[in-house]
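Pasting the structures here.
In the two complexes that follow, chain A is the common piece, with chain B as its partner first and chain C second.
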Partner chain A sequence: MSAMKGEAGSRSEDPFASLLAVIVAGLLFIPALIWLGRGESAGELAPPAGMIEVLLRTVLVAGGGALGAWILGGCIGVLLAAYRAPFPLIRDPLLLSPFLLPSVVVTTAVQSWLAGGPLTPLIRGVPGAVLISTLQMAPLVMWIVTRSLRALPEEERLALRSSLSPAAVARQLGRRALPISARAAVLVFLLLVPRLEVPAYTGIETVGRRVLVAFTADGSDLEGWIWCVALLLLAAPLLPLAIRAIPSGRAPQAMGGTDPAAPRSLLATALVLLPAALPLVGLAGLAVDATGDGIAGGAEARRWSIALLRDLLRLAPLSILLSLIGWRIAVGIGDGVRARLLLALLAMPLVLPGCLPALIWIEGALPHLPRGLAETTLPLSTVQGLRFVAVAILLGRIADGSIPSAERAAARLLPPSVARRRIRLPRALPGVLAGAGLIFALLLGEVESAAQIAPPGRLLPAVELHQLLHYRYDVQAARLSLAIALVAGAWLLLLGALGERGGRRP
Partner chain B sequence: MTEGASAAGLEVERLRVTRGGFRAGPFTFRAERGRVTSITGPNGCGKSTLLGSIAGLLPAVDGGVRFAGEGWSEKERTLVPPHQRSIGLLPQGLGLWPHLSVREQARLVGGGAEAIVEMAEALDLSGLLDRRPASLSGGEAQRAALLRAVAPRPALLLLDEPTGQQFPGTAARVREVIEGIAATGSTVLVVTHRAWPGASPVELFRRGGEPSGGAD
Partner chain C sequence: MTTTIRVAVALALLGLLIGILGGGGDRPVVVVYTSLDPVFSRSILSRFEEETGIEVREVFDTEATKTTGLVERIRRERSRPLCDVFWSNEPLRTIRLAEEGCFEPYLSPAATGIDGAHRDEAGLWTGFAARARVIAFDPERISGDALPSTLEQLLEPRFRGQVALADPRFGTTGSHLAALLSQWGEERYRAFLSGLRENEVQIVGGNSMSRDRVLSGECLLGLTDTDDVEVSRRAGDRISETLLPEEGTLILPNTVALVAGAPHPREARLLIDHLLAPEREELLAASSSRQIPLRPGVPVPPGGLSLAEVRSAPVSLEDAAAALPDALRIAREILGL
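After this line comes the complex of A and B, so read on.
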């Protein structure tokens, strides 16, 4: 038997996962090097004007949104785990709807809902950006928290239910949810830092907007890169927290599962549904507004339906592929210094403005691709996939962490490839599929790179929506966004049901 | 350790293990080939942790594990990964994979079809081979996990309370099967609260303390 040095820990490095991570990272960094190699970035190396102020405002908005999402999403997650809300099959997609909708739509919906009333000051500026980010990101925290809490071992759940009152159970679950919800909040912070749409629609300037201006309008590339470095420095200390240390050793439950021993509570249900209802009601109010000009006719509706269907066919397999790649990297990359560096590289597109990977690809990789290939959706899919690969890895880590430690320990006596194929993937499948649903929602609403790199003549729903809102066709925009949410919700529902079926104990 | 000692099968020397904040050891003992060695001791003295470390599932901080003369671990280094150690393991939590039937689990770890049927008969599991863990009782699940551990005829069998959930009659059958495996030349290490008749005892007296039954 050959000697092999290694750690006895469960996350030892496997070369294929590292190679996969290197390939994925290379898809962005090789074009970036080509772009940088053009030597057009020369300029005066000085901090851009107002840098500290813009950085602080960015931290304030992202931090406030993450904190709000942590509190709101954490509370909803605990309530959902402690009590039974009705209609479990559609409950999760409904609760996730603010996250499934493109952020520009949530912004418009909340603004139209609150405008004119006493809460009008809350729709603009930093408070507006924080409020809207909170409402949009709380469902993500809720989803992660609920998933973790529903995955408690059955014996532990029964012991809690049999010895404590429902309120005491909720308190116990709340304590357990604290670390995982904190890590989810870190992920939210990283997602919020580079955002463009919410700050743009609430009228504040953040680092993301400055990067976009620097690379596309009247700024210089060098200034853009200085802002990027500032963003990375801002996010770098948090990356390991978001990527690592997802707790393990819990029994798996598919996403729609409910603890049958949990009591029903109307009050809890109402509290849970309220944050999801706010943007949806605002949006529905806009969509049925018959006074709106230029109501979409049959031809327009047909055009949107075809565009949505084509995007569904493109993004459904892409989201599953991305989720599987994320899971594969997560289970094999290990915890060493080299692995952390690779993960940090893969997380960079997540913490930089979404337009940047597209710009890098347009100038670095597209000129080297055959024309036939360059004019397909492949470059766009690649760029969008690169943006969210870090999310896929994180969700893959959560899915793998849901395998009980005793099962995982038993699997470690098998050859690693057999253990992955026959034990870890089937057991993590509900989480991998649910993760694919979330990634699908992110991809469907992704507008920054879609606007830059869409193939000629291809109508993309997210870009169309952005244009409708830009030209104030609010009614059509509301209808299109409801259609987008419906498609994302249906796909999430389907994946959730598949995961439920695959993960259900026989 | 001397060359002559390697014939003993398993050799554990001044092994210290960590599990979360819990530190166990140092443990020093030998387990001979073809015999059952029982490890007894009070709750919390590190018996299960010791088994996990011998299997390579828990990191050692000091000491070493050798089997049949080959070093498996030395201080903090793992020299042979768990899946290359020819180990059958019955852990405390059983660790049965809920998506596979009892037969599929035994096949997956390398058990031959005939050996599985034969062993299942001995363990009173013949009618349960195509059932999945969720439909088994606690005692049946434990025997299913034992079947998975013994099916590939491992060179080293590590068993954590293998009769803990069995009725006296079934416990006797389980003991017979385990002793039968030892008789074929395997080294069998059993963690138990009660003495195992006919086994070489290794007693761990205090929490994380030195074993008295081993040759330290």
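After this line comes the complex of A and C, so read on.
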């Protein structure tokens, strides 16, 4: 207990993270305040029509999706930790594929399979949004749960295996996974709250869409801000809640590895891998359809390859940097009220629709940038980085939680900066890199800010996918989706392998 | 390990820098924001690049914020525009931007033959190649005799819960409603929307989703644009459209405008001339967007639509543009959006 107190004390005394958080929050707030201060008539300040109904629907969709992802992803995660599945290197990217694919692809795929049949009610309205969100986000929860369970100390795992049956081990692991999976579900909720695509495709009105309408269609900015405040009050306080009390004191050696003592189970493997592989197989089948060569001849293929390569060059380092910054804030920030407030501030861009930070940037910062920079992807990268810094902090906290208590105690004997460099970062590196993989997938599929702030002439794969799906170029859309999933999967695989290496040789 | 981390961070920073800044060149450039889908606009813009050697940097919109996203971007970039040419696939929001002073006049010599109803007298915007608002249907589920010939027939009980309408706050559905308000007046417009609501109209995210509801059999009829129907038909789907012969069809031309304070004005004028050439109308008429040439002499391929065979609704684009905010406000109020 005294050690924990000492640790909390050392965290809250670290001025760097707080300062960094203040700067980031300030950077976000300044343009927002300028915008707010442009002077709209106070007479317009009234709650928008149907506010409660839209808010409740938003909570229902995001909460239902998070709950579904928690249950489904948690169960699969425990199953994977309890049993051994073959090909561990490709297993995680394969299982993550519904999450790696842009949500518009998952949504249109599910809807085209089920539309018109007896299951149609399942893909429309609130049930449809919940179902599709669950399918897409369950892999994220699964991934966090398996990572966390594999980080159990080896002696503890061996003890579990020797004294209990496999089913009892799974139950035991399930109990252990509860706190971390609950926090993963909170992260899913935060990601789902501002989403636009799935609700738009399932035909429901959520707060995110109201914000988009207010700022880009026919509403007033003031109405948009009222919706934003509602959204922030609803979601932003959850981030500190999710980050607080993430369990710490785990062994690092197994982060991402396979438990050698776990029994092999073909049934468990098939149950878990087949549903994940089906969408990819379906996409691959469609992608090789030669009849779809119409517009996507060599020129289109070249265009997409270049676009993907350029996005890889931009997003791969961005995701690593973001993950490192997130980890740094996570290890430096305390647990007090001030820290929670700062975390809530940092969560703001995450819970607001992506178009909003982009519009704030266009109006507040873009006019002051040299034209040469304004026409690059710097604005887009900055906005996307700000948007997902909260995810990076949460994943950073999870990665830091994998450091064993003994090493944490040893680190406290060193000056904080030395301890961070020599012990905490090397030990947390597998988790930090794996977090970078997830952030990369989120950045690659992010379309809301990309559509608003993409630099002229820069083709962004996720935006292109929207166009292809809209114009029924299904074969081309399948090819591009597959390419996006493969790039994201390969990057995840590479980071996983690097992390494993780093984790073994601190 | 710390050295490895430092090297990794340095490499990441370098990669980020290359990823962010890479891709520049010395060629003359023109920036175009276009809501016409890339599958159609790219070939036209590529041809311009080949003919002039000017690099075209384009920004497209997504289906979710069709046109309105780009309109808002132009509005917000007004203090320091990045865009030279705005090429919209619908006219009303262009007219509103023109009224707000976002464009500067340019009377293109290539616009000869386009009548006054489809362009601004001062040259703030010019229309070309139009789409029409239509009702999509599955010919095996509803016969030609049973189709509505006016919009108000959609309110009949036989179509209860069977009509899909795209979210009017974005794209051409909003323009359609604005045209109806300017044509009908407020009382009739309100009655129509109330009737739609009472008849359980299905509001969907976009025009393509309206079409998709017809394809999936969830709806009998879907209000959409000609191009949405045509691309689906060419993809082999069983779908057709009706042009509302009794009350006339709303024609929505593409519009092109020169942005005020455009960073590359010379190149922008060249691009506008290129877009307004009759050959571009011909190309769009032959494409799967099946657009309607506004000039009488432009050839229309078999299966295409010409202005002569479409009975145009008697709507002034300027009046419809002026009615747009009210039309959307009333639609939001009645349809509960």
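One rule holds for everything that comes next: the second predicted complex is superposed on the first by the 459 of 506 C-alpha atoms of A that agree within 3 Å, B and C clash if a C-alpha of one lies under 4 Å from a C-alpha of the other, contacts with A are read in each partner's own complex, and residues count from 1 in each chain.
We adopt the following convention: a residue touches a chain if its C-beta (ideal position, glycine included) is under 8 Å from a C-beta of that chain, and two chains touch if they have at least 3 such contacts.
Fair warning: this is a prediction, and the values are worked out from it, not measured in the lab.
S.K.: Taking the superposition on A as described, I'd like to know which of chain B and chain C A:422 touches: first, second, both or neither.
M.R.: It touches chain B and chain C both.
S.K.: Scan A:474 for contacts with chain B and chain C and give back first, second, both or neither.
M.R.: Second partner only.
S.K.: Once the structures are superposed on A, label A:179 by its partner contacts, choosing first (chain B), second (chain C), both or neither.
M.R.: neither
S.K.: Return the chain, chain B or chain C, that is in touch with more residues of chain A.
M.R.: C
S.K.: So, does A:406 touch the first partner chain B, the second partner chain C, both, or neither?
M.R.: A:406 sits against chain B, while chain C stays out of touch.
S.K.: Tell me which partner A:121 touches in the superposition: chain B (first), chain C (second), both or neither.
M.R.: neither
S.K.: Where on chain A do the contacts with chain B and the contacts with chain C coincide?
M.R.: Comparing the two interfaces on chain A, one with chain B and one with chain C, the shared residues are 422, 426, 505-506.
S.K.: So in the complex, the part of chain A that touches chain B is made up of which residues?
M.R.: Per the touch definition, chain A meets chain B at residues 1, 3-9, 12, 404-416, 418-419, 422-423, 426-427, 505-506.
S.K.: So in the complex, which bits of chain A are touching chain C?
M.R.: Going by the criterion above, the answer is residues 49-50, 111, 115-116, 120, 124, 196-197, 200-201, 203, 205, 212-213, 215-218, 295, 310-318, 320-321, 324, 355, 359, 362-363, 366-367, 371, 374-378, 381, 421-422, 425-426, 429, 447, 451-452, 454-458, 463-464, 466-474, 502, 505-506.
S.K.: Considering the complex alone, what residue numbers of chain B touch chain A?
M.R.: 52-53, 55-60, 70-71, 73, 77-85, 87, 89, 91-100, 108-109, 132, 134-135, 148
S.K.: What residues of chain C sit close enough to touch chain A in their complex?
M.R.: Residue positions touching the partner: 1-2, 4-5, 8-9, 11-16, 18-23, 31-33, 37-39, 55-65, 68-69, 71-73, 76-77, 79-80, 82-83, 167, 169-170, 174, 202-206, 208-209, 212, 216-218, 231-232, 235, 237, 263, 288, 324-325, 328-329, 332-333, 336-337.
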